[in-house]
Amino acid sequence: MHTFTHQFFELTITGLVLGSIYALVALGYTMVYGVLQLINFAHSEVFMYGTFATAWVFVFFDQTGVNSIGGEIGFLLIALVVAMLVSGGVALLLERVAYRPLIKKNAPKLIALISAIGASFVLSEAMGLRDRIAAWFGLEDNLGNYVGNARNNYTMPVQINPKGLFTIGDYTVTDIDVITIVAALGMMFALQVFVSRTRFGRGIRAVAQDPESAALMGVNSTRVIQLTFFLGGLMAGAAATLYMLRIGSTRNDAGFIFGVKAFTAAVMGGIGNLRGALLGGLILGVAENWGSAFLGSQWKDVVAFVLLVVILLIRPQGLLGESLGKARA
Amino acid sequence: MNRYYDFAPSGLSRGWSAFRGWLGGLLDNKPTRVALIAVGIVFVYALPLLNLPVITTSGVDFGGVMFDAAAYALIAVGLNIVIGYAGLLDLGYVGFYAIGAYTTGILTTYHFHWPFLLALPVAIAVTMLSGLILGAPTLRVRGDYLAIVTLGFGEIIRLVIVNTHWLGAAQGIDNIPAPPNIGPNAPGQGGGLFQVPHLSWGTFPNIIDVGHKTPFLKFGPIDAIPFYWMIVTAFFIVIIADILVKNSRVGRAWEATREDEDAAELMGVPTFKFKLLAFALGAAVGGLSGAFYATRNGFISPATFLLLLSELFVAAVIVGGAGNRWGAAFGGVLVAYLPDRFRSFSDWRMLVFGLALMALAIWRPQGIFPPRRTRRALAAEAQIEELEGEAVDV
Amino acid sequence: MSEETTDTRRALLEVDDVTIKFGGLTALDGVTFDIKEGEILGLIGPNGAGKTTCFNVMTGVYQATSGQVRFAGSPLAKMQRHQITKLGIARTFQNIRLFKTMTALENVMVGADAHSKVGVLNALFRTPRHRRTESAAIEEARELLKFVGVGGRADELAANLSYGDQRRLEIARALATKPKLLCLDEPAAGFNPAEKQRLMELIRKVRDRGYTVLLIEHDMRLVMGVTDRIVVLEFGRKIAEGTPAEVRENPAVIAAYLGVEEDDDDAAS
Amino acid sequence: MTGTKKTARVFALAGVAALALSACGTTGGNNSANAGSGNSSGSGSCGHYEIAYMGALTGPNGALGQNMLGGINTALSEYNAKHADCKVTVKTFDSQGDPDQASKLALNVVNDTKVVGLIGPGFSGESKATGKTFFSAGLPSISPSATEVDLTEQGWTTWHRVIGNDSAQGAADAKYLTGKKVFVVDDASVYGKGLADVVRKGLKPVGNDEVQTGQTDFSATVTKIKGSGADAVFYGGYYAESGLLVKQLRQAGWKGLFMSGDGSEDPAFVKVAGSQAAEGAVLSAPAAPAPADFGTKYASANPGKTAGLYSTQSYDAANIFLAGIDAGDTSLSKMNDFVTNYSGTGVSGPIKFDSKGDIQTSTIYAYSVKNGQLDTANPAPIK
């Protein structure tokens, strides 16, 4: 209790930082759900591929011993773009291989879930066996820096030490904190604008509202679904870079728990609702930290899930309700 | 569950339906049917003794594998009540498996010292009760959200175990006793009422493997086959109960609720009550399987009851054919058996498993053995759709 | 046809000043009417008049924002939908909503189960009580199927029945719940004139069996031909009430229907 | 390191078609169904003997198991080079560290009449799940790595280990931290919590927290540690989490001593934490560094591989069984007596078992991170 009141700001701000990463990943769940009413269980792996892409960029440039973000900002931007593209690409692949054949057959939702679980295993294991896959092509030595530690923690070769910027309460806010929150909010804002203002965005909303009418109005639903997956992937890639900035290491099963949390955030905020994903993510991040302070960190996940159940019981449609179709800026 | 798909009858499926027709013809004759079923049941019991080529796992003890397969089949039949009959997607089913196992562990060794056979019904009752307690708030949540809420509960159950000293925490509970032996209890390989020799296919004349016998019925730590017989017996009892319940007002209410919840409600079906019932009955079967797992393994720890297992259970039911008890059971057997049969894939196992799930989902979306009537209804639907020519591409 | 004065009969269902608002939209605005025991009441109105909303509030799907619906004297608010069914209101659906993977017989049995108290234990041990209820339900369901005219297809899957038979099956299923009041939501949608004729006969047969019938329908000929009394809604308000002859002459009704295509339903009415 | 870290039960499988395809091509054959092939016991004449290894060889913890198997192979190739007429081979049972798989495999081990002894199981979870089976069958086992305290409290007279248990290590760690204001964190795993609890008993921590394996963000724990005013942190758990914890601690500006146990004693700890954050961290382990020539021997028996954690213990365990074979004690009961009474000095230190099967003397060493690297060559024994 003493810790909690004493360090309220630190717990809250670090919770918000983590929560904004949850929120970015949650967007992918929420958008796919809004359009297809499918829980894209493999989205966690889309995020995981982004974390590796980020690390690979730094391995490629092999910048060591840089201590400030200032010196790294260029590489960071490159990593961000690459991670977003990689995650977006994986999401597109996922849509093509695991979902489109089922959507075409108009299969029951449950079977799409099985396909997603299968795809999730495949993606995660492919990353965990990347050394062996590289060996097929005789590349395990050339690519050693990239495919090494296949089943283990894969770390960034650089060490980015945060710098304190200003103090709130007892807590010194660092540049990483600021970058994470600002970047996450910026991404989300851009997505909102895209969905609400552009032609593509209108397509997404039309399909989310009423797929049949949208088809009659000439919206190419396959294109819209692809775009939805891709956008979700981009957001997950951005989340991955921010995650690596803070955590610095990843592994082939890093997506699983994180994905479950992000999905929880999406449902909490009201699945299908973009701003709901943000709200859900932030609440989840903060609640986890507060819960850890009160009860001990081992109860962190329990706090998260209990909160979810309570929110759904009080507001079955989530905090902000479901409304990808009605998304407005 | 309201979307359907059409069928393109392939040569294979035509052959299969011809086979089914032939089988159906055989089964129409009552004495033949009884005889066939009897032979089938004897075969199932004898399976781990036969050492059949191809089927028998080479790297892992086949009795142990068969026990797991039967345990998973039992779980799948239980989960099928929830998913297949009532149409509720439960991603936290592993929680009930854990509750069954832990109730057994706590009652038989950790805090009390009850005999297993006394603990078993209590474990089932406790699991059923927990199903009611968890179901009452969650089942009011809308269909799609139910998945994440149940997933959350499954994880909460595991985390509570990990963090609660009274439940053995991460260390788990060991020395869970086996069921009482029937027959003399001599130490070592002996004991049991009599010994059942295994078969051996290696060298033709020595087809009976006298050096390798299973005592009947001695539940020891070095032979899993008596445990297998026990769980298969439980499986058949559950299947009979499942048939009786499904084939009654209760089963109709489930099916109606799954097909159209609003319409069911307006036809006087108290849908919430029946969903809760399905949840509790499914939980009870999961708990039963968990109790058997605990006594067979002798040791339980939260590391077993991972979220991943829930996904696997759901995959078993859906891959096998949700709504068809035999399909679900087959899915359970498949999911337990194949990893042990294909141990030679070693590191690639999980990857291959994922690919297999995707392939099955895409090529056989209705499951390997979908319920017959679902198939018929779907075919009719497809026909109507074709006639109306209004296939709206979503 | 019907007697001129129906006031001597007891009101089975009373809709008393019911208003329903969805957000800012008023779907029903102070609607009052009642249904007498043993009559066939028609509820008509142009598209968007609030017919289906009215229907839904009577069967417990929606809750009234203000006002009350009473059935046999007791208010329906706060009651669960399946309880309302048990109380004696049954309905069919505008878009057929049968349980497709169940046989015709089983569909009707679900309705018949509404008053059954047989639970898991009875089913598990196949108690005499279970057997009695089950065979009674089967017998009743077969009788009802015959009554509506699909007796020969009892063991077909509902999805395999023809469109017309599916509509009839819905009526049988609703009757199986032993209702006092049967609500039919556009039962003739998609029917040809011959089928409509047969449906009119069926509705009369149903009434003759002692059921009270509420009919929502677009087809004016059908409504005029079969009902005892008609309530007309427009924009959520009741604009007329009376015998078919009275309603036909009512200037407000004529105005409401003038220029409105009769047979274009689809959109939420 | 004990416990099963990621016991993600790994399921494998293939489509039904593959069933037919690989019908004949099974590998890792362990067909024990040869009629009547008994094990002629204690004749002294050398037949063909097998030593079983059970533990993770694939899956998330596969690398550790490979270290162990490498140690066994090293011992066997030495032995077989000397005994041209008498070959001893290792038969592997890959449990992936999963207790559920181990309990099935244990049945194979005890039904294999050629097996004279078992090295393993690798982790504590699988040890608990199988101990009764091995005990009932009378099969002697020596674990190179399972360190949970109560494994030797079960009355399994066939169960031995050549590694100091968590109690010994935890007590030493507590001693090492005496006089400091210590904050103790564990990962709620069998190993991590077990070890941390012993440390907690040995000193009065200024604060406690428990995290989860797989957790990556420790901000709440970091906040608590900073708030407690601790100048030392002890972490019971594995490097994946301890590396991240020390990193996030340093990023938050905490400057005290970071200590963890053998679960973190791995070069990967430095990698995860980053060399700056890891600098000065102390990691204890119940194992001395391997002698210089062991590395050479290991490399020649296992081409292309280097010895790692638990290689020396496995090598020593294998040598105990080989000595038993040499002594002619090849029946299970005689072999068990031989192992129980064994006394000698292996590459990991002096080996003698107490009455429960624990190793009698086990020195705990403190390894530290110096100049951005885990200094594996010069640990300081904790006394």
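By written order: A, B, C and D. Residues from 1 in each chain.
Keep this in mind: contacts are C-beta pairs under 8 Å (C-beta built on N, C-alpha and C of every residue); 3 or more make two chains touch, one makes a residue touch a chain.
Source: prediction; values computed, not measured.
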> What chain is most central when centres are computed from CA atoms?
Replying inline: B
>> Using only Cα atoms to place each chain's centre, name the chain farthest from chain B.
In response: C
> Can you give the whole-Å distance between the Cα centres of chain B and chain D?
Replying inline: 34
> Taking each chain's centre as the mean position of its Cα atoms, how many Å separate chain C from chain D?
Replying inline: 73
> What is the distance, in whole Å, between the centres of chain A and chain C, each centre taken as the mean of its C-alpha atoms?
Replying inline: 50
> Going by the touch rule set out above, which residues of chain D reach two or more other chains?
Replying inline: 8, 59, 62, 188, 210, 212
>> Which positions in chain A are in touch with at least two other chains?
In response: 256, 296, 298, 301
> Which residues does chain B have that touch at least 2 chains other than itself?
Replying inline: 159, 162-163, 347-348, 350, 353, 356, 359-360
> Tell me, which pairs of chains are in touch?
Replying inline: A-B, A-D, B-C, B-D
> In their shared complex, at which residues does chain A touch chain D?
Replying inline: 2-3, 6-7, 10-11, 14-15, 17-18, 149, 151-153, 155, 159, 161-162, 172, 174, 246-249, 251, 253-254, 256-258, 288-289, 292-293, 296-298, 300-301
> Which chain B residues qualify as touching chain A in the complex?
Replying inline: 1, 3-6, 83, 89, 137-138, 140-142, 144-145, 147-149, 151-153, 155-156, 159-160, 162-163, 307, 311, 314-315, 318-319, 322, 347-348, 350-351, 353-362, 365-367, 392-394
>> Show me the residue ranges of chain C that touch chain B in the complex, using the header's touch definition.
In response: 59-61, 80-82, 85-86, 90-91, 93, 97-103, 106, 109-111, 113-116, 118-120, 122-124, 126, 130, 133-134, 137, 157-160, 173-174, 177
>> Can you tell me which positions in chain A touch chain B when the two form their complex?
In response: 33, 37, 39, 97-98, 101-115, 117-126, 129, 132, 211-212, 215, 221, 256, 260, 263-264, 267, 271, 296, 298-299, 301-302, 304-306, 308-309, 312-313, 316-317
> So in the complex, which bits of chain B are touching chain C?
Replying inline: 241, 244-245, 247-253, 255-256, 259-260, 262-271, 277, 281, 371, 373-374, 376-377, 380-381
